[in-house]
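Structure below; questions to follow.
Every chain is named by a letter (A, B and C) in the order it is written, and numbering of its residues begins at 1.
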Amino acid sequence: MALLALENVSVAYDNQYILQNFNLNIEKGQLISLLGPSGCGKTTTLRLIAGFLEAKDGRFLFDGKDYTRVPVNKRNFGFVFQSYALFPHLSVFDNVAFGLRLRKVNEAEVKQRVLRILEVVSLGGFEKRFPKELSGGQRQRVAIARALVISPDLLLFDEPLSNLDANLRINMRVEIRRIQQELGITTVYVSHDQEECFSISDQVAIMNKGIIEQLDDPATIFKYPKTEFIARFIGFTNFIDFAERSETNGEIGLRVGGHEFVAAKNPGTASPMSKKCAMRPDDLLVTTEEADQAGMNRLHGSVKVSTFLGRSYQYVVETELGDFTVNQEMETPYRSGQKVNLLFPKDKMVLVD
Amino acid sequence: MQEKNRGLALFTLLVFLFLLGPLIIISFTSFEPGSVLKFPPEGFSLRWYENIFNVEMFMTTFQTSMIVSLLGNLLALLLGIPAAYALSRFQFRGKGLLNGIFISPVLIPGIVMGFAMLKYVIVVYHLPIYAGLLVGHTVLMLPFIIRVIASSLSNFDFAIEEAALSLGAGRLETFFKVVLPNIRSGIIAAILIAFLESFNNVDISVFMTGPGVSTLPIQMLTYVENNFDPTIAAISVVLMMITAILMFVIERLMGLSYFTKR
Amino acid sequence: MRKKGLYLLLLPGVLFLTLFMVIPIAMTIASTFFHEGSFTLQGYMQFLTDKYFVKILLTTLQVSLVTTIACIVLGFPAAYYISKLGPRKKGILLALAIFPLLTSSVVRSFSWMIILGKKGLLNSSLLSIGLIDKPLEILYTPTAMMIGLIHLFLPLIIITLVGVMENIDPDLIKAAESLGASKFTAFRQVIVPLSVPGLIIGSILVFVGSLTAYTTPALLGGKQRVISTFLYQNAITLNDWYMASVIATIMIVITFVVIFFMNKLATKLNPKG
């Protein structure tokens, strides 16, 4: 049974639904990310789990108990905020000790636990500092320590790294993953940065307009996005909307406007009827050779725009089925206006809803 | 690089001379040994400062002013802090209207407010004059308390409050342990600004005088109508010193930007 | 649950203000339309037809207008100068402008009695240098009142304008100059229009403040009544509470009309739209 379950939950502001009949299950010990563009409802979901928001309808079960009406301060969940939300008037030690003292833990144990958790987040020796004397990364560590020290039943992160610079962000996400796995604590993590989510999560839920479009492990989502929205979100830029679909010999035949394509049958996540194909710019090829190649679909076109990306060139190729973007490494680039053939590897054509 | 503009600098100097000159002159005349106000004074004497203590009405009205300003301040804080918190923290319908109501005491002419209060608070509600004075000054101070505390709350990250809640603190506990300590300087500044407004008030107090009840500014007005000795100058110097000290503390607590923002 | 908490926080203040401010003011206004039990506009008719009353109203408006204009003329250049100073000097001058603002109006008006009186500083100086041969009668005239009011409200317009002007990007002036504008043209075409919203807010504060000020006219105005001292006279000296209520209502109406139209004007003249 799942540790955490949202059952048909609805949240509304001013009669406008942010979440409607929303469902989510999370297993014990997992780190699950909620990923999506702003306004998709990921933060609302997190705040609902934390108890900062109340559901209009539906139930929230935690460890088999109904938590729907349990107030935030009785939930024993750790929350890490985007702004860190450290208490400015308290030292690092008192910040971390805050939750323990509310739980009437004796002062000797408070001291021992605070110092131990500060070691875990690599902040030993910083107890006497005040938040304003710390760097962004250090503040975030204090915030994590403060949430962890109360031995929370669930750890919640709200875009915790978005105020840090790029290098620190990478270090911190490794750190968060290490701590989470070390302590085996169930974690919900919200971010709009897909790389961040994919790198640290056991499961990623991609949200759009208040619903989860796909919930899978990162590798599956990365390879086989379920919908066009997800495909676009994670870097698929090329789409073909086919009119007909047929299946033969473990391959899928696709037709539109006199063009015939073949796609390999892979363990995709889209529905068995889907006729839309998504392709990454790195997976297509541009060539001037006319000879057929095995395992490739082919389309005539001409180079519309050619731009230099550093390691490779990017082409926008104009065809009868629309424009396609291709990234390709090569010595001498194609010129704008040049007639070319566009090659689509069978196994790189991903069917999406 | 500072662009020099001598004409403008001179003009500004004259403006400030106009603003501060009278206050400097009044300070000098307070040391006049004779019994008629003169500038420049014909000597140096502290007798008029001593005289403040000899005029009993100054002592009693000073006491009344202090009690009314301090007690009214406390009342305004008790009413104003929760309101300022609610208005800064939450979005809700009718917020604009409530904001308007809480700020309106500064929009209504003071003399009108004083008269309306005399008419209703004293006569219709039958409150004693002393209580009416207290109520009037509380109403007067409320917008200042709310405005200053709300501006200090606008710099407060309410995620900090949520952090305390998520760590297990109750709402009230959170307010006292986390919110209050972080807006402390705003609250002290609010107290001082409201105190000055109340202590110097004439418009409302002038209607709330009765047998044995009056405030210092009203007593000063009455005194000036009948006497022209330097006692008032001496009191003025004392009041200006109090003002300067309080203003210095306000500046330390929250800078002077409160006064320039409108 | 949250709603209930919200009401609990707001209710005490709202109740207090309703009881001690909203009801008294509303009832004062309402009472002017009823005399001896029936609806009437008699009070207003009486006010507007009595030459003495009208003259008081006009004098008040005139004094307030002159005060406002004088405050702008004196305050605008000073505020511009202050806004361009470094933070330290600016802080000191702002503090020196705010200090009189926080000082008792009784003290400030009284200081002008010392200066403008028959044997005051001004007359004795002018007499001693032989510019006049008998003392000028300034104290207890509308002129004294205006000087006192300008002194009272000038700081207000200065600090309001500094607040607006210090937020004007100094590069705008440089940009204007680089496009060929002289210093004065740049000031006139960049600083002035961008200061208009602050200027209007400051003017409202000064105009409404002068219109309703009590202490300064009472101390410096002598027998010359303005609308606020007239209200006090009716209420306390003459004990005519009906007339006092009419005057109070007129003051509220003028105040709100001025605020309303000036705010409209501010929105209209705001160069940023």
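Annotations
Following the convention adopted for this analysis, a residue touches a chain if its C-beta (ideal position, glycine included) is under 8 Å from a C-beta of that chain, and two chains touch if they have at least 3 such contacts.
Note that this is a predicted model, so its numbers are computed, not measured.
The chain with its CA mean position farthest from that of subunit B is A.
Put simply, the chain closest to the centre of the protein, by Cα centroids, is B.
Averaged Cα coordinates give subunit B a centre that lies 18 Å from the centre of subunit C. As a whole-number value, the distance joining the C-alpha centres of subunit A and subunit C reads 59 Å. Distance between subunit A and subunit B, defined via averaged C-alpha coordinates, is recorded as 55 Å.
With touch defined as above, residues shared between interfaces to two or more other chains in subunit B number as follows: 171.
The multi-chain contact residues of subunit C, meaning those touching 2 or more other chains, are 2. Residues of subunit A in contact with two or more other chains: none. Against subunit C, the residues of subunit B that register as touching in their complex are 2-3, 5, 8-9, 11-12, 15-16, 18-20, 22-23, 25-26, 29, 37, 39, 78-80, 82-83, 85-87, 90, 92, 98, 101-102, 104-105, 107-113, 115-121, 124, 135-136, 138-139, 142, 146, 171, 196, 199-200, 202-203, 206-207, 217, 220-221, 224, 232-233, 235-236, 239-240, 243-244, 246-247, 251, 256-257, 259-262.
Here subunit C touches subunit B in the complex through residues 2, 5-6, 8-10, 12-14, 16-17, 20-25, 27-28, 74-75, 77-78, 80-82, 84-86, 91, 93-108, 110-115, 121, 151, 154-155, 158-160, 162-163, 166, 183, 198, 201-202, 205, 208, 211-212, 214-215, 218-219, 228, 231-232, 235-236, 241, 244-245, 248, 251-252, 255-256, 259, going by the rule given at the top. Residues 157, 159-160, 162-171, 173, 178, 181-182 of subunit B are the ones touching subunit A in the complex. Residues 50-52, 72-79, 81-83, 85-89, 98-99, 102-103, 143, 146-147, 150 of subunit A touch subunit B in their complex.
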